[in-house]
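Consider the two complexes below, in which chain A is the common component and chain B and chain C are the respective partners.
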Partner chain A sequence: MLNRFKKQSYLVQCTALLAVLCLFIWLSLFSWSIVPVSASQAITALFQTDKSIIAHSIVLDLRLPRALIACTVGACLAVAGAIMQGLTRNPLASPSVLGVNAGAALGMATVTILAPSFGLFGSSVAAMLGGAVTWALVMVLGSAWRGGEHGRLVLAGVAISALCAAFTKAILILHEDQASAVLTWLAGTVANARWGHWHQLWPMALIGLVGAQLITPTLNLLNLGEDNARSLGIKLGWARILCSILVLILVAAALSVAGSIAFIGLLVPHMARSLVGHDHRKLLPISAMLGALLLLAADIISRPIIFPLETPAGAILALIGAPFFIYMVSRRNR
Partner chain B sequence: MKTLLSSFLLALLVAFIVALSLSLGAVSLSFEQILSGFDASSEFYFTIHEYRLPRSILAILVGGMMALSGALVQGVIRNPLASPDVLGVSQGAGLAAVILMTIFPSVSIFWLPWAALSGGIIAALFLWFLCGSHSGAIKLAITGVAMAALYSSAVDFLMLTKPLEVNNALLWLTGSLWGRGWNQITMLLPWLVLIPFAFSLAKRLNLIGLGDDVATSLGTSISMTRLWALTIAVGLTASCVSICGPIGFLGLIAPHLARRLVGGRHQVLLPCTMLVGMVILLLADLVARIINPPIELSAGIMTAIIGAPYFLWLLFKVR
Partner chain C sequence: MSLSTHNVSVGYHGQAIVKNVSLTLPEGKIIALLGPNGCGKSTLLKAMARILTPMGGEIHWQGNNLHSTPSQYLATQLALLPQTQPIPEGIKVKDLVAYGRSPYTGFWGRLTKEDHKIIQQAMEQAGVTELSEQFVSELSGGQRQRVWLAMTLAQDTPYLLLDEPTTYMDLNHQVELMNLFKTLNEAGKTIITVLHDINQAARYCNHLVVMKAGEIITQGEPESVLTKELLESVFSVTAQIHTDPVAHTPMCIVE
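Right after this comes the complex of A and B.
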């Protein structure tokens, strides 16, 4: 079945993925609610809203923003991973593996705790700055852009992640003693998503996703190798800076509402590549949809585990993603 | 002569930091007050005897054992990036212990070291299965790091899904020495037996350092030495992990620092590594304790802050 799906044209694949995505959004609107919400109520709440019915307000005020945010965050992270893998030509590159997640989390934790007056916008900017610093550090240390070894880049990313995570934990522990809240935030969850988060998320996500789609031709040329790209008229420095800025916007947007969610950026581009091949013009939209689907699915799966309490979706994703990471590492080494 | 002097200075440093960590903390004590703390009738008896003294002893034991296990691993696979925590052995041991604590909370805590040991051995075997015996430094490290990511995500998952047992496990897991006392020390004592065994391998480790061919022609059984050294290393790591959780980067940096001080002869290197490990962990614990009392950071956070940049530097140097 998967093979048959791979052979379909790009348009058919997109439509099918969109249909599945809609189905999952609908599922996530009513499944595992403490106050029972029926499947049909999930539909009627959207089109014939009656605020006196509790189920309707649950769907509209809690479940709908949650589903939308899960989709957008998943899409952002997946596209960021696809750009990073295209840029570094390293199949293991992704926001979490190369330390961008950890750096952004450190920036955000620093600003939210030390200077809370900057508000949500300030923490997004801090997340971007933190991510930018670690990304630059990893790039310099891993010497990826001078044709260095791929493994070195990844190890540099892991070490910087460990450093940033240690600082983040230190800051969090020193300023509040709610260990489990911190854990939840670090694991990444969309359970607390409200419309306020959505209004904060969508402008940045839109800029990032549209921008990513616009630079796909450049990414395709970069994939031909540095020399070829340069001789075809790409200004390598600018292309890299542009790509990096887009990655940072996407990661910061996702992280500031959902916490640090790992492995989507690693996993999804590979799935998408096996569907549509290496053309980034097709790869990025498919990645976005698959990423949305994956995070949404993880969010739905995470609900019944300790019902009625919530398990962070990021924990589920890490459990799926880490074996895949091992698989990628050991396959590349052969 | 130089090696003797450095060892002596290190031992002196350990004693000095122990004295410091007995005196500093939420309440600072003077030297006389510390001495009087050993007397059961004194008002400082509780602070010194029940709180700071066992903690310092534990830091000495754990620091020494973890560093020793790192030196064994680095010596036997000749890989400067190797150490129990980079290779995922610590995290594997941690996962096994967390499984025991969260899924079987009624089991006695004295089974923890054994659970951790089996977890560590399984993790080591799994890594060996993935990498084989001959693999490059970077490859081994990256596979180990991937395994460590898997184990720690499983640990996170368990902690997040079992919120009732989480406090117990969380306290333990952060690589902190907080709240550990004489009980934990007695749990750790039997494992000290491994240290003389480790020292007895020193000569053979020197030969292995010359390369496989030379070592074989000089009459060393390489595979047996490897097996013994790695088993001892896993045992040392697992026993420490079962007491205070995975303390990152300690086993990685201590052998490197010791090698800079006294060179590569394992007869001197192994004891010296232990001393360096003690100094690092004692310092990390002390700083974590006094940075903003009464809130405590964990020593594991401190070792990560020192160790991660060092790891980056090593990465830069390794060819």
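Right after this comes the complex of A and C.
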């Protein structure tokens, strides 16, 4: 089936993915609710809202923002991963592997615990700053711009991640009373998503996703190596700064509402590449849709595990992601 | 007059490899940069292709500083074939060659009929038409070199800069490439190439620039440049200069 899907034209692939995505959004609106919501109520709630029906309120106030946020966060992380892999020409590059997640977590934990008066906005700015600092550090240590080897960049990412994680833990241990909020954030979940989060998320996500699509032709040329890209008229310095800013916008937008979600940025670009090849102009939209689908699916799966309590979607992703990654590596070696 | 260097020093990590070089490259010729390993010929070429920024001095293109000329415009004037190339994954030959058109295609990279014609022609000239549906990563080193050459040709620039283009190529493709230079040159292009093989340079190029230890030793037509003394002082070999029985160009035979 997968092989037949690969042979379809790009437009068919996009339409099919979009259809599956809509199906999953619908599923996520009514599945595993403590107050039962029927499949048809999930539809009528959207188009013929009757606020006196409690199921409608649940769909509109809880489930719909949750589904939209899951999709957008998934798309942002997947696209950020695709840009990072294109920019560094390193198949292991992603927000989690190169330390952006860990840096953002440290920034967020520091502000949440040491200066809680800054609130949600303060912690997302801190997450963005933390991510930016680690990203810059990893790039310098890994000498990514000087044709450094792939391994060196990943090692730098892992080392910086470990350092940030250690600091985050230290902060958590020293200020145990406020640790639970940070711990939930570290696990990564969209279970608590409300419309307020959505309003905070969508402007940044929109800028990031549209901007990412606009730099895809440049990413294609960067893929030819530095000398060729420059000879074809690309201003390398500007291209890198622009790509890095887009990555930070996307990651910060995603992390500030959903917490630290790993694996999507690493895995989804590879899945998308196996479907549509290496042309970034096609790769990024497909990555966005697959990322949305994956996080949404993980969110749905996370509900029945210890029903009626919620399992963090981030944990589910790690459970799916790790074996899938091993499968991919082994297939690549063959 | 188009491309010239003025007291240019350039190198890596703060260490100059090319030292204070002033050189005007004659327009409309096939120019070979010659010299022993590490003499700075590739470094000088990279500086002229704006891959490296000079530590001192200026490189001029049409009388203006090369490094302050818009890069998109320069990409339509100067094309570089680097010595070592990455092996891009999952890209077909025809798509790679098409990237050569990107300085012209505008932002999204949509190809016009004219672009397709130039791509087709570039692939024919580099002899890779029959490879067009294959993935670049599946080709041999020599084939891949010709695919990159096709991309550089698709850039359709009046100046071509090539860094040891014959490396990895077997003999017949080397000959084809050198003949292609002649054809392109007759069509008005200026070709600047780093070469290792002195006899190849003397036979196919009409202007030689000889470098040693980051400095220009001499330049001019093969007949005047290629002397016993030069080979002795630059390459430290004792050699005789004879006339090539086929092309009637000078050739050296090491004693």
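As a working rule, the second predicted complex is superposed on the first by the 315 of 334 C-alpha atoms of A that agree within 3 Å, B and C clash if a C-alpha of one lies under 4 Å from a C-alpha of the other, contacts with A are read in each partner's own complex, and residues count from 1 in each chain.
Keep in mind that, in the parts below, a contact is a pair of C-beta atoms (placed from the backbone, for glycine too) under 8 Å apart; a residue touches a chain by one contact, two chains touch by 3 or more.
No experiment lies behind these values; they were computed from the predicted model shown.
K.L.:
Scan A:V210 for contacts with chain B and chain C and give back first, second, both or neither.
P.N.:
neither
K.L.:
Looking at the overlay, what does A:L18 touch: chain B (first), chain C (second), both, or neither?
P.N.:
Once the two structures are laid over each other on A, A:L18 reaches no partner at all.
K.L.:
If you tally the residues of chain A touched by each partner, is the higher count for chain B or for chain C?
P.N.:
Of the two chains, more chain A residues are contacted by B.
K.L.:
Considering only the touch criterion stated at the top, classify A:G277 as touching first (chain B), second (chain C), both, or neither.
P.N.:
Only chain C is touched by A:G277; chain B is not.
K.L.:
Name the contact category of A:N220: first (chain B only), second (chain C only), both, or neither.
P.N.:
Second partner only, chain C.
K.L.:
I'd like to know which partner A:I241 touches here: chain B for first, chain C for second, both or neither.
P.N.:
A:I241 sits against neither chain B nor chain C.
K.L.:
Would you sort A:I160 into first (chain B), second (chain C), both or neither based on which partner it touches?
P.N.:
first
K.L.:
Based on the A-chain superposition described above, do chain B and chain C contact any of the same residues on chain A, and if so which?
P.N.:
Residues common to the chain A contacts of chain C and of chain B do not exist here, since the sets are disjoint.
K.L.:
Using the touch definition up top, name the residues of chain A that touch chain C in the complex.
P.N.:
On the chain A side, the touching residues are 89, 217, 220-221, 223-228, 230-235, 273, 277-279, 281.
K.L.:
Which residues of chain B touch chain A once you look at their complex with the stated criterion?
P.N.:
81, 130-131, 135, 138-139, 141-143, 145-147, 149-150, 153-154, 156-157, 159-163, 166-167, 170, 174, 248-249, 291-292, 295-298, 300-302, 304-305, 307-309, 311-312, 315-316
K.L.:
Which of the residues in chain A end up touching chain B in this complex?
P.N.:
Where chain A meets chain B, its residues are 141, 149, 151-152, 154-156, 158-160, 162-163, 165-167, 169-170, 173-174, 177, 179-180, 183-184, 187, 262, 305-306, 309, 311-312, 315-316, 318-319, 321-323, 325-326, 329-330, 333.
K.L.:
Over in the complex, which chain C residues touch chain A? Could you list them?
P.N.:
46, 49-51, 71-76, 78-80, 82, 85-86, 88-91, 95-96, 99-100, 102-103, 107-109, 148, 151-152, 155
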